[in-house]
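One chain, subunit A, links the two complexes that follow: it is found with subunit B in the first and with subunit C in the second.
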Partner chain A sequence: MTNANAGAMDPAPDRSEAPPELTDGVPDSCLVCTVRGDWAHFRRIDRTVTKQTYRLPPRTTVAGLLAAIVGVGRDEYYDVFDPAVSAVGIEAVGDLRTMTQPSLGVGTNPKETFGTVGKTRGKGISVSFPDTTDNRQIHSYEYIVDPAYRLYIAVEDEAFHTALKHHLERGTSHYPPSLGLSELLARVETPESGVEHDVTAVSTDDETVTVDSAIPEAVETIIPSAGASHHVERLPAAMEADGRNRRTTEFTDYAFTDEDALKASGDGLSLGEVDGRTIAFY
Partner chain B sequence: MTELHPETFEEYHPGGPISSLRRLEVLYGAITEAAEGEIDSKYDLYHTPGELDEFVVQDNENRYLVTLEVDVTGDSPELNGISADPLQPSDVAKLGYARYPWGRGIDHSITERGAKGGWNIDKTVRYSSEKLEKWSNASGKEEAVGRVADENPDGWVIRDLQTLSSRDDIADEIEQHLRPAFPSADSPRVVATVAIKLDPDSLEAPPEGTPENGYYYPGQLPILNDGMVARKNHKLATKNVPSPSKGEGTCMVTGERGEVFGTAEDPLAFFTVQHSEKFANLKKVESWRSHPVSSEAALLLQSGTSLVENCSRTRDGLRVYTLPYVVDCDHGSAEWLYGAIEDADETSIHRIQQHAENVDESFAEALRFYVIGVRNDSGDINVLHEVPNVDIYWPREVGKAHLDVLESSLFGSAAGFHRPDPDGWRHIAEATQTEDVVKAITSGRYARDTLAFSDADAPTSNDPREWLVTALLTGESVPADKLLSQYVERIASATNPEDENFPTYLVLTQYAQLEALARADLLSTPDDRPELKATPRTTMNETTGPLDFGDSLPDPTDLEPDGNVKQYHARKYRLERFLEERDAFQDNDERCGAFLFGVFLGELANHQSYNRDMNRTLRDQHPADRITAERMHRVYPDLQQRSGVYANGDQLFPETERLLKDVFAEAPPDDWSLPVEDVRFFYALGLAYGSDAQSQAKQLRKDLGVYEDEDESGDSTDE
Partner chain C sequence: MTDNTVENRSEIVFITDAQDCNPNGNPLGENRPRKDPITDQAVVTDVRLKRYLRDQLDADDHGVFIKKTGDESEVRARLALDVLGDIDDADAIEEIEDIRDDFLDAATDVRYFGATLSFNADTDDDLLDAVAEAFDGGNYTGPVQFSPARSLNAVEENEESNTLTSVIATQDDKKTGGFDLDDNRLKYAIFPFHGLVDENGASDTKLTRTDVERLDTLCWRAMKNQTISRSKMGQEPRLYVRVEYATNGYHVGDLHNGFDLDAERSKPEPELRNVTDATLDVTKFVNRLASVNDHVETVHFVGDEYLDVSYNGEQYGTAADLDTLLEDHGVPTREIEVYNEFEQTLPADE
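For the complex of A and B:
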């Protein structure tokens, strides 16, 4: 597939920026922005019948959202977000409350509510499509209310980094960024202090650390405190292109909360300090 | 305690934290497999011997193993005979049974389980011959088994079965053999299988174990097991899809890379491929990309299904799963969990938690519950709540707070209400203990007993009672107005217009719950009415002012300086103190007005019914769910007038009437801004208080030792 958007990647193609470099999963700098919306729905991959949402956007969803801002086509940005060459920190800044709302949808069961036009035999093109004249089906969708997440992004890919930085600075985006479903548009906010921030690696030697972001990969290191609950979700973390399709290559457990920051023994975490906040990168 | 085989558990438990429902279900699968013992063969995970538990001989019930004895030693396969013997538990292992659990369709193994309702001889014949034909792919519909027949060096055994099953007269032949052997005209539970006589040396993969009269059972023959495995694996990729949905990917459960399948069954049926909008190009066969499950994880999910079901029960059409686990589960913890689930009649949080606390405090602290409430309206599945990590902390906090309320001046003769007998309303009864409340909270009763019923005709995905259940499990704060409006709705449905009983204990339970939530700091209130979540000023431990001593008794001179305490004094003291102790009334004249109006009306209604034998009292005319500030304003003069008439120109309840008059003067009801649910609930509480006023005042006098058996006719004005 050719990239129809070649050239769309950076609003100022001549500009170049030094991308961050990763050491043990911790970058030396990162881009910071906050995505916010009225609703979000990040479908739980183990379900199709019940339309439930994760509380935290999966890393793959974050990658897709950023790729939309930059204007990279589907299936063309997975390498950029390979955990070996990128690091993402996700911090829930909204209160993660969810609400279930019924909504009507067009059926997509090929046997029941699909129409077909075109040739049915011999050579020719036939097109199958959901039959929009049929009765709608009612399904209850679970949404996160007033979602807001602060993202800390470091990609070693220079072109992507430069383009993303530029878009964030100018407040532009190539495709409209959304929170899980196309109709749940996201607003992107950037810190007044600038988009790009230094990251100072935090040593993780057998100390208790307070981590402001969601904590990936080290659920068992969380130090619980009575009455303060936290969420744990197993989320898709990385994808790769596969022919004209894609597949998930990694799943990661994230622990997070919308209450006081979690404490963890730093074991196995890639921690960096950004503007006084401790972020776990993955 | 049932022991879990350590190596088996080690082999199947994927390790790592329980971070998703699927991982928990797989843990349950590993536990189930380990409970069945050692891994005998590579087919173990595929076999489901436990599914035959209800088909082995028990007591005197007739349950049979019907065995078709097939001889493949000659030039062509022959059916030599059929035996029908009681199925002994020791026979199960050799049958190689693998169940196909979802409704229609034959089992994965050639061994077939009959209906639980039993099979008569005709059915046994029909199913046996059909099974032989279908399973061996003689009918061409089991391509996976067909491939094994064609490609496996020992495939000729299956091909011989094809040949046999294709004979025109096979059904008649089976019947002729079976009729003399079949036990009776009844319909016993039947397991049908095929035993094969062959020369072990003729097979590449030799049979295991010893033959019976030269016959090997399916579990002993690798070729038949291979056929079963092929069929079962095929289903993992082809359930409801035309071509196999599988590929190279990363298993969402184990995280391991390898062959993954797209149509693995979900024990709770939350995943099906019918919802194809989730797949690439709307194609079901692409489901493995977004729903990748390895075969081992898929099989363990199936193995764990019955244990998951053991942890569920139904309440009001809602299926609630309460799955105990520890985040980092080792063999010891797994064994404990299995024992606890097996022992419990129902796996209630409270029961299992208590059990754990008796055993090991640190284990009890690590114990968590994955709680899901699922409503399934003929396939339309909604999850009403899902809390992956319930622990006992919040239920305990609320339970303790509730007990504090029960021991506060809300109850008792000094200011509050009468507590019902142990047989009465359970959450506020005399005998109620913290653990009773914790139990009620974790089982959902505590919320379900006070909130409105959901509309049975239109079940929605948002049952308000389940919302409160969740909040109590998680410590999420509860909006006060939402709670009050639910309370009022429940009061309305508990008030029968034909029946003059007012649901006093319901209202009391609701109010006790409200105060308990406030004490546990779980109540959130609107900014303009923060007083709703203020906890009552007194507790048992703080006794400072004259009106300030919990539920301990006052001195008679506190009620009347000369100590000559009459009914009026007791009523006055009680009511003033009840108001005094609560910011909800002190800091909000409108709410105080609504409450006092309820008290006054309740007292009058009580008088009407006991002293005047009236059937339809004022309380029946002004039910809580229909009262408004405007209506209070309109009805108020009428109440005053009635009181005057009943008391011959005097006042029947002067203490109430004076307080009410003062507060209405301060905040006239036609000018209130208090939300209607707030008005209605506290009016209802007033009704309850008013109805009890006389008897509780009398009780106070008795408790103070100043009650004389006097003439009760003038009880209301005996100043």
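For the complex of A and C:
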């Protein structure tokens, strides 16, 4: 690499392609891939001791996974995935069975198991670190077994779009993708028909639409039907950098199922047809 | 950039088996072997595998940050964290970076698997920023990752010896042994661990090419040397492959799924007791690598002579012959001479 500033994001600096454009939340094209793994864990933010998982990766997690592929660092991709300039459809593939695995880990509670060295008064730095010879703490992790999700991705940011498309086409990644925890390694598959697909906006005037993907804003839109079950989860949808940390700025309720496609009232949804499948973008 | 930089991505499959032992007890389930209740596959977590690897690093006199429970903590000073307390000026950035480098030099396991630290400045935010930046915010993501493994076979537990009364005291200051200790073991299980070496994450923890090469002997020796407690004996390494890729950013992503038990040549799952009862079907693995051999630099490999392998419906030989099979399919290989090579990766005498 000759230009250090070109960074990881742009594996083909001369390549220029038109990124998708969004109209009322529906893109005119999107990138499609399927991510799979042996395990996934998307920790629910409202749980503490038991690490329960969402069944569906939050939109913010999807953004992080794609940023890893492209090679954009933490805190550097939130703008790209601002809901005003990006659209993501998520489809669960296969069942989403979970299994709980307790593990003994080094304590992470600074008040209990951390050692500290350094200055305690006046100028200076104190370093806290886990006392790695102390007793371990049991953490129960709920994992999804054999997770698989098809993702439909549209970002208006041209550099990110081009880099992501390039990586998906070549089967490469800057940082290896994982499903929620760095040890839960993921693999990425792309459709034989190609990575990039046209999206046709679906009229939302119809009273009832059948949607193949998970349905955001589900409380208002989902239409239950007899004999068909679905889950609803409230998931983080957008975040922003907040000093040294980051914080969630938006949540949405997603309805999804591992059975037949769900029915919804189109009102308020951004629906697009991709290869004959109706996808709800958010 | 030194010539010891990790330039290539590697994908690892490490196949181990467990006979009449408890490869990974569940602390919330009476320490019974971990199992998937639906499929009856046994499970061994990444945490358990990394413990063996860390203990082997420790036994080889490499510095280890995440120590065995109850070990003396004399290494702390060696790990250079104490010295940070002497820094009181953000302008001493070079000194802070030296301390960071000393820490990563001494904490071999952090270079592989990462660690979490936290820093508290008392008064001086500039100082905190300088330290946090030098230490990557204290969050080191390990460039080497292993996923929890699921056995290729559905497992059964031994019905005998459900409890045991230990005659050995469980702690130094106790004279009496433990009573009613559960002793649950699997009859037989064979596990494909899946791992990855991230060449781009390597620079964050200063993982070196020597460190990556050390894995080639470390995994094998750890499984031989560290599975020595009562419940852990009976585990053996059977096949280790580290596929080193030539193409930047490329890896297959699920190489471990290329290995199956050959149903025709293995005993039925309930009758599996021993490695000689099993035959590993490597067809998908070999074909997959052959189909992407343009991307493969070398397959570093070591195989065990007791594990039979089959290819395309025919008995091929044992796991030790996998290199010939791969070479026949145009995939370059290098056999690892574990016990000749490992000494080169031990810490240099100072």
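In this text, the second predicted complex is superposed on the first by the 264 of 282 C-alpha atoms of A that agree within 3 Å, B and C clash if a C-alpha of one lies under 4 Å from a C-alpha of the other, contacts with A are read in each partner's own complex, and residues count from 1 in each chain.
Heads up, the rule we're going with is that a contact is a pair of C-beta atoms (placed from the backbone, for glycine too) under 8 Å apart; a residue touches a chain by one contact, two chains touch by 3 or more.
Worth saying up front: this structure is predicted, and the values here are computed from it rather than measured.
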When subunit B and subunit C are modelled together on subunit A, clash or fit: fit
Touched partner set for A:178, first subunit B, second subunit C, both or neither: second
Which superposed partner A:166 touches (first subunit B, second subunit C, both, neither): neither
First (subunit B), second (subunit C), both or neither touched by A:251: first
Which of subunit B and subunit C A:48 touches, first, second, both or neither: first
Contacts of A:104 with subunit B and subunit C, given as first, second, both or neither: second
Subunit B versus subunit C as contact partner of A:39, first or second or both or neither: second
Contact breadth on subunit A, by residue count: subunit C or subunit B: C
First (subunit B), second (subunit C), both or neither touched by A:145: second
First, second, both or neither for A:186, with subunit B first and subunit C second: second
Partner chain in contact with A:59 - subunit B first, subunit C second, else both or neither: neither
Minimal inter-chain CA distance - subunit C and subunit B, angstrom: 5
Subunit B and subunit C footprints on subunit A, overlapping residues: 100, 102, 105, 108, 110, 128, 130, 140
Residues of subunit A defined as touching subunit C within the complex: 8, 11, 36-39, 71, 97, 99-106, 108, 110, 114-136, 138, 140, 143, 145, 167, 170-176, 178, 182-188, 244
Residues of subunit B defined as touching subunit A within the complex: 16-17, 19-23, 247-250, 252, 255, 257, 266, 269-278, 280, 282, 284, 286, 289-292, 327-328, 381-383, 386, 388-389, 391, 393-394, 397, 460-462, 474-475
Touching residues (chain side subunit C, partner subunit A) in the complex: 9, 26-29, 34, 36-38, 43, 45-47, 65-73, 76, 81-82, 84-89, 114, 116-124, 127-128, 131-132, 137, 141-142, 145-148, 150, 194-196, 198, 200-201, 247-254
Complex contact set, residues of subunit A against subunit B: 43, 45-50, 52, 100, 102, 105, 108-110, 128, 130, 140, 142, 219-220, 226-227, 229-234, 236, 242, 245-251, 253
